[in-house]
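Dumping the structure here so I can ask a few things about it.
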């Protein structure tokens, strides 16, 4: 059994990690750290946690964390991990970082999208981008895993087979993304209020303004072997959890729908968490609610490939992926402690 | 045409009043005042207002309001109307006040529930409690109408016929109330966030702790002619609008369900906005969504009467009732400009 | 005052027409016809209708309709208007038909998508496609108006300015559409059940399989003056009302975002129901809930134009558009009786 | 490892049982039987089940079930278990029955509420009512466990401590119950449609008309040792899962709120799934979403006790309770395979 810590447990990815760790066979939640709420019982913030609520949150001081845990799941605001995570790693703690500070290999892209100078650029190369399906081997050897964003996870898993096979034009890809409201932080804000988000559909940060754009392009470019440019356009949907990317890409050569579907089915035949629904069924976010599954489908419309991926943004899009990465980093079975069946209905 | 003002237009009751005034045949929205957002276009806060969004909000200074309007709908935080509303009235402006500052006749009850000394106790007697169905004549002569709370409106309309007829024990009444989330203020707060309120059912302020308790008891006591005590227990339901009170009261003498249903049907046969559904149908909040209607029903279970009332908390529970009151106060038809048919589905 | 009839009042578009007619200054709802529920009070199906519920539904027999109404709003299943609507017209009744039977000018396309031979092809030319913004003059002279589908209305209004100005490649247009559940018929079916649709996001009929595809292409081709092909891909979103089309189109020549936004703002400066939100705000479906407004916005992402339109699928996407068409067909002001301000929140 | 069967797997309680069995350490899902869909893959009905979807449903023939399983979870319509379940038991299969056919000890009450003569009255005494917290010992020895209804589970757990201690008048108890929509069967019906249930609050079967009334009275009477009569009044709330009972009961003698809270905290200090939230927090249904927990709280309002219980109607209100009962019946730890932490947010 490995002792692990969750730092920043009072946000949605953090508390979801706590939930999943509660039934993990090899990880023991040995420490919960908080920046602002140290000293409080976890249950005072989250009454749903039952016995786990008895845990008292400690500080997020790296030394304290290192005394209790061999691996830490870290969730901090953008920029706040730049110094913190390397400090933890220096103390021998492996880190799965939920934030974006170590996802982009290019410090210029980081500066442009996060309006901050990257102060630990040497760690950018050491950090491994934690999309387990793509980077499994490197994650197994990593000290610092940069857990992917929810949108990039879905977009990359939707496009990976076609792009890896060279079927797509690299500069004609549109990602129309739809997410539940829990993609926003657990901080009161008008646009996250029930009365504003309920019965509403809200496009935002269109045309590449969203911070996940460079992350998607970095990963797709690596897959394609050439620079890929995408038009990434997210929308908020009135549901708590769930994320669907509908991706539109121009085919370099004509491909039949049957051939595309066959490619995808074979590509994901062995991946434990990513699957193509049988019978050509299309993904629905509710099929993966609360599980670490990602459902993928593909269609062909003339010279255009339509690829879809659905996942739970807090599980495969955050906490589940983090535990999947931690499993790999600690030499455990990739699937340990991770639910495959969603909550339905 | 009467020029009217809406003060505090950026909250939900205020903006709902703006919506309803847009199609009012006798009122012209001549002024919109805001405490914190004077100088801004209304449309910059509320893009849904269309051409009405061109209105520029002015200050909430009483003199400015009095220059533009004969009647003002005032929505301010608890306590903030104590001096403000009398100042407006002194300038000759009739006021319909959305807040609670002039609802309770008993300054002690006000102090106990609002933790503030009432500084305009002489106005308590002059103010008329604006439940039009009960106080129609007095509202027509009023300078200051205290618009009722959403819960009291439903609870009183549910219990009025039985209590007025002397059917009920005055000290054995339970009100189990359920409201949509828009009963909360339009101010970011954790418990109003989509991810917290969605797919959730939340009891709160049980056992008489809610501020609407003394208001309900005041009105029911006046109807009964003896002191009435209630157990008022509200819950938040995951929907934006809608409110249902299920009231349980002990019958003094046995009454058949048919007789109770007949009493209610006759009682509300002529009220334009309150009605008993034919055929014994039970109220559903969606039947009154967006309309000024209140649907009432009654059942008998042994020695207990069960009375229900459903309304839209922002219309009959706030803005619609306010316009109904303003209609009466200005000598207009009570129904002018008020929708009777809800938005369905 | 014109006497009008609603045929097929027990579906969502029909009952929404009833709601809007209730406050129409020039139309009187003189007849309500139903195929299967003749003889019942309208209120026995729809308790929310208040006094209007007293209307007793008659048969949908054309002669009966013609005795009572000069104009009929007809809502029947696909194929069931082919003979019915011409029969009504032959009796001198103007018709606004909610269905698809007279929308497509090409009987072959009709056969392909509706699996039925068109039995009144001569009426295809006489019928006017009822998108008022585009075909205003012809609608004013029409006997039969084919009310547009909800998706085509949004898609065409989103793309119209750019396509009419020749800015777009006609064969590289993607429409990613998202609709609330009330786009489905009011007939019990598993995929429309609350437990299946709630907290779920469901793509369906992708890659041109949806019946609105030929309708969109017909209208866009007429606007462009050349054949337009689209990739139309709808999704169901967990909300009752609301529809958003996010359209992606390749620009023939580079256009700046500012120029595109300026074109759209000027294009829709005078249309009463279609507007571009000021300050570059993006449409949200909640801004138009319950109103006949359609909010449009445009962005540029490299060589791609992104055009969005949001509307309420039951108002501007159905009943509101039908009344707008009826207004034109009867020589009334286009805006008569139609709400411009949505229900918010 | 015990081989178990799920009969009636295509309803919500059945498929939820399948989900929970997937991570059960001692039960193996060896057989899935269906009345109407034998021969189909489970995944063709439920795409969310992942690898479990490969199970092919067999018939619900008792002999077939008995060949594969030692214990069966049976979910059939009211009346359809009367002969079926005894036949299964006769073949040596232990049964946990989700239906109501063996819950009521009084065949007259069964006839009155289910409009059917009970054809296996001898089994009524042998069947054990499966509320594990109350009947733990008898369940451990049972051949047939009648799994409780969702409402009775919450109502009884809310009232048990006070009633067992003799604090309450037995004939003055009101249960105001609120449930998510998944309490209805997975069969298309108008009142379960998204557009009808969304943003709606619907009271139904008030004043003791609901079939759970005699079940609640039977269990409360056994606890009190005297006949208990309740006024049971359910409402449907616009959410998929979750159930809250707010119970109002008259105190025989004055009891302080502190004393009542203390009683409840001690009463449920050792029960693994029922707990009183610390610090006097009130239950919210979201705290128990997807878990087998039931959260209880108590308040005192004058001479009235207010007791609340929240649970997930498909877990502690159905499938979770069934597995808890099966654990007991097979001599396993009561908590085996059952989640204690809900899905939040």
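Things to note:
Each chain gets a letter, A, B, C and D, in the order it is written, and its residues are counted from 1.
The rule is simple: a contact is a pair of C-beta atoms (placed from the backbone, for glycine too) under 8 Å apart; a residue touches a chain by one contact, two chains touch by 3 or more.
All of these numbers come straight from a predicted model, not from anything done at the bench.
A centroid comparison over C-alpha atoms places D as the chain most distant from chain C.
When the interfaces C-D and A-D are ranked by how many C-beta pairs touch across them, A-D comes first.
If you average the CA atoms of chain B and of chain D, the two centres end up 39 Å from each other. Chain A and chain D have CA centres that are 36 Å apart.
Computed centre separation for the pair chain C/chain D is 46 angstrom, with centres defined by C-alpha atoms. Chain contacts: chain D has residues 12, 182, 186, 195-196, 198-199, 238-241, 284, 286, 289, 345 touching two or more partner chains. Interface of chain C with chain D (complex): residues 12, 181-182, 184, 186, 188-190, 192-199, 238-240.
Of all residues in chain C, those touching chain B in their complex are 12, 15, 19, 22-23, 43-44, 46-53, 182, 186, 198-199, 240-241, 275, 277-279, 281, 284, 286-291, 293, 295, 339-345.
Residue ranges on chain D touching chain B, taken from their complex, read 174, 176, 178, 180, 195-196, 198-204, 206-208, 229, 231, 233, 235, 237-242, 244, 246, 248, 257, 282-286, 289, 299-302, 304, 306, 308, 310, 345.
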